[in-house]
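Structure below; questions to follow.
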């Protein structure tokens, strides 16, 4: 009980003295929050976009087979699908048709994809939210798309995709097979790539090897591999950004050190009074501890909150170009908000821990002022 | 080398902690050499002031080290998405020879610095600093652990090659392999369960006896607590985890840390760690009690420590026994 | 109750600026008396007070407070002894600016972990005793010299000390306030308080309440006794 009362009393005193020196504490608080804000933005963003990528790929097939000609991805004959279907343990083998379309009026790239549900209603399409934003007005009517022979196809907008993850569907245009083949002039016996599922996850590699043997000009791609690459790429980017930000952390630490080492005459005087009045070195250290807690906690909350708003409501405007590295397709897509204890712990290790360590020695210096100095001033 | 924010955070923390510990050691040596409580010289006064600094440093380092222990394991766990073959921390730690060593060293650093802080706490309550030289001698022994831990962790992260294919819990923790883990996993279940419940019951009994001063010495309780910790670890790997995974073959100690199991692994690890620190600390108190200036200090510390140890063991047992009873999976 | 045996205090020992501030001090203070230390500036009065009051440690010699040897006590115990035994009044009051009078009075008791409400009640009582209740919530900066002095006295009393130590308490007060101060001190002494004052203010030396006068010169005691020698 006494212990708790003591903490309360000293905490009370500490908060009072911090408030009395509002101006000085404020400068540190702002810089501290700013550092946390930057780091938190990077961490939240990477985490969210990794999650997003996982969502994107969740519905994707376990394996995709592409055909390579002269080292480049090319159209694949439908007959390949039959060969693959023969392999044991393989099911749901399907040909896919998809491609990109550059819209000169908006300067945007769209992803065009065939949806078998639309095959009966040729001439109508379903578009993503990003595409919809690029169209004038609310009533979309029909969109003109330029075909490969120079003619225009006018396709009616039949619906807008629900945005579970904007990243997945923002730039998407779904159409019927007939319209797609007409647009790009792709012969009936070809598709863009082939997707398949494998019954036993342990056999992915075996099946992939088999396909490469049976169809030497094909390239099987595992979903797992794509995910792994995404993760590695985004982690790496965030890592590099943080290495760059390390400079600012260091500058901040020097500031923190300086602030707590270069106490004003008034603060030194105050500590001297406390010691003369019967506060012990460890009481002053306790006071410094609470001071650190108050400052760190405030900055941490402010920084994290600001980063949250920045990343999830303002689409991380500050870091977007570096981190996203996607095409310019997604002018304002929003990430799904997501924070967990791990990200917070990482942030804590990156900011609060170095701050605390940097202030131990200066705090101790202050705390060990001789009490009798007070009798001579 | 893999760079991501948590890895950087861990590396930076280790560097900072190592620097602070080295700094403490320098003054530790001076204290061992020059301490003379009878003297009123300025040098002695400055040494006395330093003890405050060193206590503060170790206090913070200990708390942050605990945090870094969990962040490290979580990071290893998260990395499984980047490496082929890894499904949890078991696989990523196995990517090179430094992974498991880091975990072990982090664990030992936590235990040692916890014990050191206890000795420090007791010593500070004696009016003549009875343990000062021993305490700083011990610090000189402990600091290298933390330094080596930092280096080994660095080697682990720098040695991560994303194209390495690793083996994970499925193959690491089976009885078909050789080595310690295989040995643990293939132990007879009844024996393991018997040892787990037996040491726990013994620890509780000895703890209560020690509390009531029926047994004056602390060693029996400390030893049985250490035995209970060891039995808990073994039982967890060989039997208990099966109930969490609801599978008769999955023996991984790390998968429980994942979201799929409601992060239940963290309280389990935490209680395990708390018991592992506080149990051995009881044994340290015995010789201290013979020191004149600590006679009034030790009993109250001992009491609290016994409760802490018992509480930690009970939390561990509580969670695991609950799972063993209510799990859908049951042993035949 | 407080005994010094062959106490010596050297500043900057071993350096060229080495200075022996006190040497060969043998002194015994008895409970319930008002003792005054006098002597010219630089004679070591403040140094002696800080040693007596457990604020600093002697370079050599022994100090006993209530029979307890304090010279080789670790800082945390020394501070505890100091907090429980002594109340200090400094030359320049040394109130913390920006805090109210009553908060200033409470500060010395914070580390002992007392309930805040009880502590506050005690502080209010002390202020009332010193006729300062109306200024309790006033900022320390805006107190007059006399008020500040009385707040400093209240603060010295908050931990119920056995001994009040005051260093040049009247240096910043006019004659009227200095008399008032001595009256308060005499009242406290009447209640059984031991008082120790260092001062070269004749007003204090001549004050009727003083029981014992110790004269210092160049760090040594040149005379002591119940008589005032001016």
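Per-chain numbering from 1; labels A, B and C assigned in written order.
The definition used in the following text is that a residue touches a chain if its C-beta (ideal position, glycine included) is under 8 Å from a C-beta of that chain, and two chains touch if they have at least 3 such contacts.
What you see is a predicted model, and the numbers here were worked out from it, not measured in a lab.
Q: Going by C-alpha centres, which chain is most central here?
A: Chain nearest the overall C-alpha centroid, as shown: B.
Q: Per the definition at the top, count C-beta pairs in contact and tell me whether B-C or A-B has more.
A: So, comparing the two chain pairs, more contacts are at A-B.
Q: From the mean C-alpha coordinate of subunit A to that of subunit C, what's the distance rounded to whole Å?
A: 63
Q: Taking each chain's centre as the mean of its CA atoms, how far is subunit B from subunit C in angstrom?
A: So the centre of subunit B lies 50 Å away from the centre of subunit C.
Q: At what distance in angstrom does the C-alpha mean of subunit B lie from that of subunit A?
A: 33
Q: What are the residue numbers in subunit B that touch two or more other chains?
A: 49
Q: Please output the residue numbers of subunit A that touch at least 2 other chains, ranges allowed.
A: 281-282
Q: Would you please write down the residue numbers of subunit C that are in contact with two or more other chains?
A: In subunit C, the residues touching two or more other chains are 75-76.
Q: In their complex, what parts of subunit B are in touch with subunit C?
A: 37-38, 40-42, 45, 48-49, 124, 127-129
Q: Can you tell me which positions in subunit A touch subunit B when the two form their complex?
A: Touch residues, subunit A against subunit B: 39, 42-43, 46, 224-225, 227-228, 231-232, 235-236, 238-240, 242-243, 246, 281-282, 285, 342, 345-350, 353-354, 356-357, 360-361, 363-364, 367-368.
Q: Would you mind writing out the residues of subunit C in touch with subunit A in their complex?
A: Counting only subunit C, the residues touching subunit A are 46, 49-50, 55-56, 75-76, 79-80, 82-83, 88, 90-92, 94, 96-99, 103, 107-116, 119, 155, 159, 167.
Q: Could you list, by residue number, the parts of subunit A that touch subunit C in their complex?
A: My answer: residues 1-6, 8-10, 12-13, 16, 20, 266, 270, 273-274, 276-283, 370-372, 374-377.
Q: Please give the residue numbers of subunit C that touch subunit B in the complex, ascending.
A: By the definition above, subunit C touches subunit B via 12-13, 57-60, 71-77.
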